[in-house]
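For reference, the structures are reproduced in the following blocks.
Both complexes shown next keep chain A, but they swap its partner, so chain B is in the first and chain C is in the second.
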Partner chain A sequence: MAGRTWIRTIVLALLVAAVSLALDMKLADILTDGSLRQLLMLTACNVLVAVSLNVINGMAGQFSIGHAGFIGLGAYTAAVVASQLHVKLGSHAPTLAASFIVVPIALLAAAVVAGAFGFLLGLPSLRLKGDYLAIVTLGFAEIFRLLIATATVGVQDTPAQAWSAVRGPGTFFHALGVSITALGGQNGYAGPGDQGVPLYAGPFWILTIVTLMVVLAWRIKFSGWGRALRALREDEIASAAVGVDPTRYKVTSFVLAAVGAGVAGGLLAMMRDGTPSVQPDTFNFQASFDAITMVILGGSGSVTGAMLGGVFVTLSIKAIEYGQGSSFVQDLRRHAEWLDLNALRMILYSALLIALMILRPEGLLGERELFQKKRGAKAS
Partner chain B sequence: MKLIDALMTGLAQGGMIALVALGYTMVFGVLKMINFAHSEVFMMAAYVGLFVIAAVGGTAHPLLAAVGGTVVAMFACSLLGITIERIAYRPIRARTRGSKLARVTPLVTALAVSVLLQNLAQLLFTARYRPYPQLFQNTRPIIFVVAIAMMVFLELVVKKTWFGKAMRALSTNEEAARLMGVRTSRTIAMTFALGSSLAAVGAVLYCLDQSQAYPTMGFKIGTQAFVAAVLGGIGNIPGAMLGGLLIGIIGEMVKLTSYSGGVDVLVFVVLILVLLARPAGLLGTTRVEKV
Partner chain C sequence: MTLALKNVRKSFGGLCAVSDVTFTVPERSIFGLIGPNGAGKTTVFNLITGVYPFDTGSITLGGKSLANLKSAAIAEAGIARTFQNIRLFSQLTVLENLLVACELQKRAHLLAALLRSPSHYEDESSMTKRAFEMLDVFSLRELAHAPSTSLSYGNQRRLEIARAMMLSPKVLLLDEPAAGMNYGEAEGLKTQVRWLRDTFNLTVVLVEHNMQVVMGVCEEIHVLDHGETIAHGSPEAIRSHPAVIGAYLGEDTEGGAA
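Coming up: the complex of A and B.
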């Protein structure tokens, strides 16, 4: 039996790889509209955002409200690494072959940076009871965004010069400031010399990596680790008494969530058909709130629920964006200046969340999955 | 001289932050939840104050306008606070008592209320920055005096009145307080009203000094006030006052150095350091959890 499941897993993995490889080459012919291709990949990335946030908010029962900060960290890291590699490779137009060098390295860097910051934030705040994680992640995400958007240290210097001049703490902070300023401030980062971030991640990378991470999240949920997280969420003292170390489990799952967000950010930054720059304002509080909405709507703790939430929220955001640009709404706005569809969407979402919390706090699916495994039914 | 000047400004700023921090800490005391909507109550108060000041005639009658604006804002925000509690938090309290989602649900709700109010303000008042009229020449001493007066008033309410006693009882042990005849729902509603009206005073003072009102203004001051509450020991009323004053002074001191842009970062660093070194805050006490 065991051998059979192994074969099935390998066949499935090959199938996913083959399909996404085929899409990578042929998608431009199937979907001639670039914005539709973008929508498809954006949805996949947001599914990863939702699934990763679900690990900490749903499974571990902690509450992070600064997920956009980790997405942003990943996006900036991947954009910088990919741009540097792109120059090293000779600045040719991105090819699928070259992407096998660039994308893994850039995503690895994004994951490591996001994970490291996750560890730094999670350790002090998850050690405690209460909702400190919420406020710490909120503060972190905003400070990350504001630092990048407003940094103006030594605009003339290049980071390389500043770092080679480091002699002590003062010059160190100066070099750090110069590096952050080099990320482009409010206008966003568009590679060295503003040539644009190379967009290496086509459907192949996005689909395989998102699938891989979703499978990983699924495996976590139905593993001993997932059960330990669930036990912690239900009763921390009782699970600590039977040997589940609360801090260790909570911090590791928070780091995992941050890594997932970092990878999602990296994919977003390098997404083919996307914009070739990374803007700080993409990672504002509204982005974090959207991520929370995805998780809660679908059902806290449910992997497929988070995926559904991700698809729904992404589609509705894009629909609103489309509607906001349409001539009908533009006409309406000329008469009613206050009509801001996005603000209206946020009001509807938050009202929906409040109602959901009152009527069905566990979300639409609760902890159930759409396709419950036979073994999973026993486990949960 | 520059140092003393900064200290005065810091005290005024700190007094105002403390007024907002008190709202966080009181609600945390009775409900054990972070009321994220508090910063949005602050923002709404700024708008109410602005409209009343404009209606009264603004610079023509500065004192009347300032007092009128503050009082109406306090009243409106008490109503807003009670409404938020009644519509969003009370049903959840009744439903999730003892359930496994008892921790996450109030947080999501509070966050959703906050986003709702912020976007409502965006629809109602547009995202435009609205300047406050310059009512007084020198607002700093006024802010400081009013803030201290409000804190003394609060201290009297908490220590000397029946309501204050009920509130303290509720924050120590809700079940026991209920059994001793404290009407918990009414006390919670009154706590929200009191906290919101303090935030309203803070908001009008803030705008008289920094003179702008906009829908996302609650975020910055809300974060600072929350850090102040944690620094002093969340749930602890004198702690919130101390924390607010400290944050205000630290902020002004930083502005004297060449890293003046780093205030927000520093506030956040303070939060992390407090969590690492003394999570109960300066004046807080740790309670051992018994099974």
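Coming up: the complex of A and C.
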């Protein structure tokens, strides 16, 4: 049985790769509107955001409200790594061939950095019971964003010079400050010399990586590990009493969620047809809140639910932005200045979430999945 | 393996919940831990299973110290338990409740699950097979795919014991297994506890208020009151022990320590 599954997996993987490779080369011809292509890729990235957050919020039941911080860490890391590699490769226009060098390395770096921070944050806060994780993650995401947005050092040396001059704690923190300042502060990071972050991640990379991560999330859920996470969510003391170490399972899940967010951020930073700079304000609290909305709307604990939530929230944000820009709304605004649809969005989402809590507290799908196999032994 | 507590003490702030408790549970015995409400019986269980750390003293299993071990590690060392107020994984099915207790014995871990390696499938099928065998032991097979909350009270208690047994423990701690049971069910429990001990070569420690069960099944009894030991001995000795009668009936007695 296991052997047949392997063959099926390989065939499916090749199929996904082939389709996304075809799309990578032909999407610009099919969708001539660049903003539509961007929207499609953005949706895919947000699906990954939702699916990764679902691992810790939905499956493990630990409330993390700073997902944007990990997306941001991934985005900045990938942007810096990709920019440096781009220069080393000769600063030619990004090609699909070159992306096979740049994208894997940049995403790996993004995943490692986000995962490492996930571990650092998760270890102290997940050992404790209760809502510490929510407070710590919220604080982390805001500190991360504000640190980058506001960093300034008076001296005009490059990060390389500053790091080579490190002689002790003082010069170390100076070098750290110089490095963070080099990320562009409030104006955003646009590669060395502001040439723009090279946009190597076309549909091939985005679709294959997002698919891969969704499959991994699915496998986590439908394995002993996922079962243990659900048990942990129900009762930590009883889980520990049957040998499921809460700290180990929670921290590992949190790191996995952070890695997913880091990869999503990396893809967003290098997304073809996207903006060639990384802005700190992309990763504000609203972005974290949007991620939570995706998970809760779709159904906490459901992988396909998180995917649906990701699609819905991304499209609705874009629809609202589009509506705001339309001449009709602009005309109306002349009479009613308060009519700011982007600001009203939070009211809309809040109302939607409240209605959902009353009518369907478990979210659209609850813990169930679309296309769930009817195998009693595995699924609930 | 012998479970031994020596001068174990635990205070919560100014309240001394367990003070200077010492007892040894002989291997393969059925051991009763009794006492009036608030005597510290469940606290002793929580100290043994690492729910919270004890202040002083020592707890050993087969000579190996359990101090500073986390609950999961103590479960791994061979101590399984049930809870006074049943703690099942309510959103999980009966079968899944048992499978969670198999995590420790799995050879394959997260990476194997992510790769869906052959060892992942082998683990899943051998775990499921074992879980169904355990369900048979407790006559719960028909309910395997039912949500655990849908079970009757008695079946929930049985499921909790079945889940603990999935750890293949050396010592089984049962916290008020007879709570809410009628005379007939309690008689059944006595048979079941003896059967478990004989079949799985277990040591059973029982916290229980139901004297019919305690006196009927325990071979040795330890009595606590206000966190202190007041008596220790065979059921016959405990039944007529003045300090025990005093503690239960509220008589004023002197010098009860045994």
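To be clear about the criterion, the second predicted complex is superposed on the first by the 370 of 380 C-alpha atoms of A that agree within 3 Å, B and C clash if a C-alpha of one lies under 4 Å from a C-alpha of the other, contacts with A are read in each partner's own complex, and residues count from 1 in each chain.
Here is the rule we use: a contact is a pair of C-beta atoms (placed from the backbone, for glycine too) under 8 Å apart; a residue touches a chain by one contact, two chains touch by 3 or more.
Just so it is clear, the model here is predicted, and its values are computed rather than measured.
Within the superposed three-chain model, A:Gln161 lies out of touch with both chain B and chain C [touch as defined at top].
By the touch criterion defined above, A:Ser91 lies against neither chain B nor chain C after alignment on the C-alpha atoms of chain A. By the touch criterion stated above, A:Asn187 is placed in contact with neither chain B nor chain C. With both complexes superposed, B is the one of chain B and chain C in contact with more chain A residues.
In the superposition on chain A, A:Asn57 contacts chain B only, with no contact to chain C. Applying the stated contact rule after C-alpha superposition, one finds that A:Leu216 touches chain C and leaves chain B untouched.
When both complexes are overlaid on chain A, the residue A:Glu234 reaches chain B and chain C alike. In the superposition on chain A, A:Ile135 makes contact with chain B only, not with chain C.
When the shared chain is aligned, chain B comes close enough to touch A:Leu147, but chain C does not. Shared interface residues of chain A (contacting chain B in one complex, chain C in the other): 233-234, 237-238, 241.
Residues 57, 61, 63, 65, 121, 124-125, 127-132, 134-136, 138-140, 142-143, 146-147, 150, 233-234, 237-238, 241, 285, 289, 292, 296, 300, 337-338, 340, 343-344, 346-347, 349-351, 353-354, 357-358, 361-362 of chain A touch chain B in their complex. Residues of chain B touching chain A in their complex: 32-34, 87-88, 91-92, 95-96, 99-101, 103-105, 107-109, 111-113, 115-116, 118-120, 122-124, 126-127, 219, 223, 226-227, 230, 261, 264-265, 267-268, 271-272, 275-276, 279, 289, 291. By the touch rule above, chain A contacts chain C in their complex via residues 1-2, 5-6, 9, 216, 219-220, 223-225, 227-228, 230-231, 233-235, 237-248, 252, 367, 376-378, 380.
By the touch criterion given at the top, residues 49-51, 70-73, 75-76, 80-81, 83, 87-93, 95-97, 99-104, 106, 109-110, 113-114, 116, 118, 120-121, 123-124, 127-128, 144-145, 147, 163-164, 166-167 of chain C touch chain A in their complex.
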